[in-house]
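These notes concern the structure reproduced below.
Per-chain numbering from 1; labels A, B, C and D assigned in written order.
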Amino acid sequence: MSEEMWINMGPQHPMTHGLWNLRVRVDGETMTAAEPIVGYLHRGWEKMVENRTYPQIIPLADRLCYGSSFTWSHLYCLAAERVFNIEVPERAQYIRTACIEMQRISSHLMWLAAVGTDLGSYTILLYGMRERELFLDLMVELCGARMTYNYVRIGGVRNDTPPDFERNVTRVLDTFEPRIRDLEALCDECETFRMRTIDIGKINAADAMNLGLTGPSMRASGIDLDLRRHDPYEIYDELDFDVCTHTDGDCYARYRVRMDEMRESVKIIRQCLEKMPKGPTRVKVPRCPPKGTAVARVEDPRGESLMYMVSDGTDKPYRLKVRSPNYVNLSASPAMLLGNKISDVPAIMGVLDMCIGETDR
Amino acid sequence: MRIEDMRYTKADHLRATGYIFKSMKVTFKNLVRATVNRPCTILYPWEKLVYPDNYRGRPGIVLDKCIACARCVKICPNQCIEMVPIETPELGKVKRPQINVARCMMCGYCAEECPTNAMMVTPEFELAAYNRADMMFDPIKLQHPHKPGYEVNYSFALISEMKGGAAKTYAKNDPEMHDTIVLDGVKCISCQRCAKTCPTGSIEMAETGELNPKTKKPIKWPKFDNAKCVVCEQCVEVCPKDALSIKEVL
Amino acid sequence: MKVIIYDKPDKSEEEVAKAIQSKFPGTVEIVKITPRNIIMKVKREGFLDVCMYMKDEVSFEHNSCVTPVDYLDHFTVVYHISSYANHLMAEVLVDLPRDDPTVDSITPLWGGANWHEREAFDLMGVIFKGHPDLRRIMLPEEYQFHPLRKDFQVGRRV
Amino acid sequence: METLYTVLQSLSEWLLGVIAWLIDWTRLGFLSGIADWVETEPVVTFLTTLLVAAIYFITLFMFGLCFIWMERKFMGRFMDRRGTQVGVLGFFQNFADGIKTMLKEHIIPKAADKGLFEMASFAIIATSAMLLGCIPLSPQFYVINVDLALLLGIAIFSFAPFGILIGGWSSNNKFSLIGGMRAAAQLIALEIPILMVVVSVVVMTGSLSFIGIVGWQQDNIWLAFPLFIGLITFFVAAIGESERVPFDLPEAEAELVEGWQTEYGGFRWGLIMLSDYLRAYIMCALVTMLFLGGWDGPDFVWAEIWYLAKTFIVFFFFIWVRVAMVRIRTDQILTLGWRRLLPLSIVNLLIAIALKTAEVF
């Protein structure tokens, strides 16, 4: 143990949510170097979609990330709509916004569950999953699937909401809001959780910005920036919500930002339901878009996700590039890992919210 | 951009109080609740979640309704649908879709595209089998009892009308509003392949009134019955001279 | 504790575009300005200077994405560089000849571009000069091809 | 007084008498010497000891299984799920697991030190089984009742880290090496507070045998009341000693796969798992014995029942702490052991001495 040694944490390791490898050099228990290695789950997504027609890509975009599939198919449709140059009916935009926020909550809950197991508490896992089930049930009712929704369409959403959807959503939100307190009692108010997260994996604002951290991880470092407000898409500019920030830049701050975001999401969903107009939910879209390029970026639960689409006038995209937030967050992880103990690896990487499907594409 | 001094205030009420006693309280409450009532989990093989009708399990088909338009084959992102010939006493020799469920990703596109709602989503999701051959669902095996909720229906609006301010919606495959096939008469060689291939019989070879200068026979061009057409594009694909094309209604 | 708040844009799109255009009249060509988006073409010789200027003077803090596109006769590398302070995203297009796909790396400026450039090198074969660690990232080291190029033959699965 | 030993002694005397009579009945002259020898004192003692050990071990083995079952069921309900479902109330899950681990292939890593690798697992299991013998269930139901039973038990208990360290080292695996190191550091850090608390109990009761300690408590007061600080200290340290969440650092599965047991599989692992629970039982037993009055209780049921009921209640608290907390870090455990528990145990010792000097009891 007197020498430094390299440890391969992955590709098969309980800490890695998915298939990736973290090589760390440890001196005793302290990390002195870290190198994340990805690519084990590379499916050639960007090449694959070059051989699919525009609507066929939507279910594939769903499968970029199991945790937040809705945001990915929505992002794809947003980019495609900009290529097709079409407007989405207003009701569809409201439905989409509500669904994105529901997806954000369920993604954050799944993240919390994963953090719970990483830190050794299966109670957090099961409570998180139990709360998530409420939202999955809503999505099943809406679009018929639990995780890969295939609900967004280019030019709207697949179908209108079922008759008592609004009542169900309100009921779920009323159930869920007090239950956040339960989760917080397990995490925040438990001294051991704070011991494991406070002052762990610190990163300051300048580093976070330079290394391209986005989303809750960046906001935790004291940068008040949210693409929902900064570059509004759908109807976010009509809604009233706060951007949750924290200043410490450690794991606890990242955790707090996500918990607050869930509350904000509940607020947004309620507003969407209130303001939702009547009207069509889908427009008919031409098969082939005009030539051109389009870029769309949204605030994914994990950060800024971006799609750049080049169309050559045929019914298949010429090039579709995905910017996965996690890909960049992962590349920035050595900056957070260095100097911490090896026991902190699950805490730091778990709080980053890993999803390899979108990282490797 | 501005830089402000900000104390994080939102969760100041969440100071760690009593070390671990709050989390112990929460778990104990749950213990009592889960012991007195039932836990929130279900015993899977014996109990199952109740799913709504629109739950997307494997695709199912009603053979009588299917018209073999092969729109499902075209839309399938995984290319797991194939039209195969079958023979049944009621239908005779027909082509119907066969689905490789092992490759299917349950996106529900086939049901959404189906113009007659013959293909539908079924809530059947327990599809494990011992070998791959069992996962190949031929049309007979693919049949499923029909229920109105299994059909995937949607309504759409037209962009041109949306811009005009009217918000009229049309049902899926509204015969008034779907795309039309147009004929480029110069290219047509009157081979009748489109009429033969049309699954709905909406193409009729009609005389144009002109005579072929060489054979002195009347020239026949396809005539489209838009009410019957389901825009399956088979005629467009089969046309040897690319005389047919789709005119989209937008 | 300090929080950096970006609630109102400092400069409008036109001002930013004009600033860059007037600083590098020969190298930068503004293609299009849309709300919260500037598309500009930059010659690859002066590209790094433009980026440095953008980062230091016009507060483009964040590199969102590096996208190489293969147009068969040339490559175009598209840099999406966002400015938090100005609430906009610049799309910087750099054309590279097909036989010499080399461009200056922007990793020294924006650390977030590191893996994007590695990926671009891996999948498209664009070489970034000055990148600290230009290795393949997705594919195994011993692969000889760059699969996202349009002349790459995809093996058909039957 | 009829104890387990005397009952079994008369039983084995009778058994051996039957055997001797059978040998005599054959009237084979050369066997008559054996018949005489069979009835001698050493043989009777030997057989009695064997029977006592077997019965005691089987009884406590079943309680070990009950502990596993209890943990599974209670954790299930704590986490809003059901726990195991095999057999009557899920009790047969243990047997299913046992059969499964028994049927598995025994794999030794190629690069491992084979002898030490095997020895380590046996050292851990054997010490755990030995410990069972030190602790009586009641004044009647015990294996040994020596004057220094408490000291013997603690001594055997602290042999396990040695086995863990060897096991971790000989597996030739980086994870198990770190796990073994952690185990050694942690157990040593918590051993000392435990010993200090035990000393305070000894000071109060003036006895080192369990029967003496419990007898003193029956006569005076349960030690939990005067030595409450000691109870808390001992409880926390006991959780750490039995390597359970939140102190299961040596096998922290998030970062160290399975810690020092990573390379053990099959029946070896099954036994290690069982020994974990046996050690947890022993810790619960010590808490019961030293602070909660052992088998002291109203006379309408057997003393053993009182004792076991108390043990199960203490284990319930173990489970409760486990579900409510996340795992803490190595350095934090060491800090806790050296800087919190040690002073507390010294305070506790001072209280004990003060009480004794003031002749309150």
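Convention: a contact is a pair of C-beta atoms (placed from the backbone, for glycine too) under 8 Å apart; a residue touches a chain by one contact, two chains touch by 3 or more.
Remember, predicted model here, so these are calculated numbers, not experimental data.
**Student:** Measuring from the mean of all protein Cα atoms shown, which chain centre lies nearest?
**Tutor:** If one averages C-alpha positions chain by chain, the most central is A.
**Student:** Between chain pairs A-B and A-D, which one is joined by a greater number of C-beta pairs in contact?
**Tutor:** A-B
**Student:** Sort the other chains by how far their Cα centres are from that of subunit A and give me the top one.
**Tutor:** If we average the C-alpha coordinates per chain, D ends up farthest from subunit A.
**Student:** How many angstrom between the C-alpha centroids of subunit B and subunit A?
**Tutor:** A distance of 28 Å separates the two centres.
**Student:** What is the distance, in whole Å, between the centres of subunit A and subunit D, each centre taken as the mean of its C-alpha atoms?
**Tutor:** Computed from C-alpha means, the inter-chain centre distance equals 47 Å.
**Student:** Need the CA-centroid distance for the pair subunit A / subunit C, whole Å please.
**Tutor:** The mean C-alpha positions of subunit A and subunit C differ by 24 Å.
**Student:** Centroid from C-alpha atoms only, then distance subunit C to subunit D, rounded to Å. What do you get?
**Tutor:** The separation of the two C-alpha centroids amounts to 64 Å.
**Student:** On subunit A, where are the residues touching two or more other chains?
**Tutor:** 123, 130, 186, 190, 192, 222, 245, 247-248
**Student:** Which residues belonging to subunit D are in contact with no fewer than two other chains?
**Tutor:** 78-81, 323-325
**Student:** Of all residues in subunit B, which are in touch with two or more distinct other chains?
**Tutor:** 6, 8, 20, 23, 26-27, 40, in rising order.
**Student:** Identify every two-chain combination in which the chains touch.
**Tutor:** Touching chain pairs, listed by label, are A-B, A-C, A-D, B-C, B-D.
**Student:** Along subunit C, where are the residues that touch subunit B in the complex?
**Tutor:** Residue positions touching the partner: 1-7, 10, 59, 84-85.
**Student:** Subunit C touches which residues of subunit A in the complex?
**Tutor:** Touch list, subunit A to subunit C: 38-39, 42, 44, 46-47, 51, 205, 209-214, 222-225, 229-231, 245, 247-248, 293, 295, 297, 304, 306, 308, 310, 318-319, 321, 323, 327-328, 330-332, 360.
**Student:** Please output the residues of subunit B touching subunit D within their complex, sorted ascending.
**Tutor:** It comes out as residues 20, 23-24, 26-28, 30-31, 33-35, 39-41, 43.
**Student:** So in the complex, which bits of subunit D are touching subunit A?
**Tutor:** Those residues of subunit D that touch subunit A are 75, 78-81, 174-175, 177-178, 181, 245-246, 248-249, 252-255, 257, 323-332.
**Student:** Touching residues of subunit A toward subunit D in the complex: what are they?
**Tutor:** 1, 5, 7, 9, 13-15, 26, 29, 116-124, 126-127, 130, 186, 190, 192-193, 195-196, 341-346, 350
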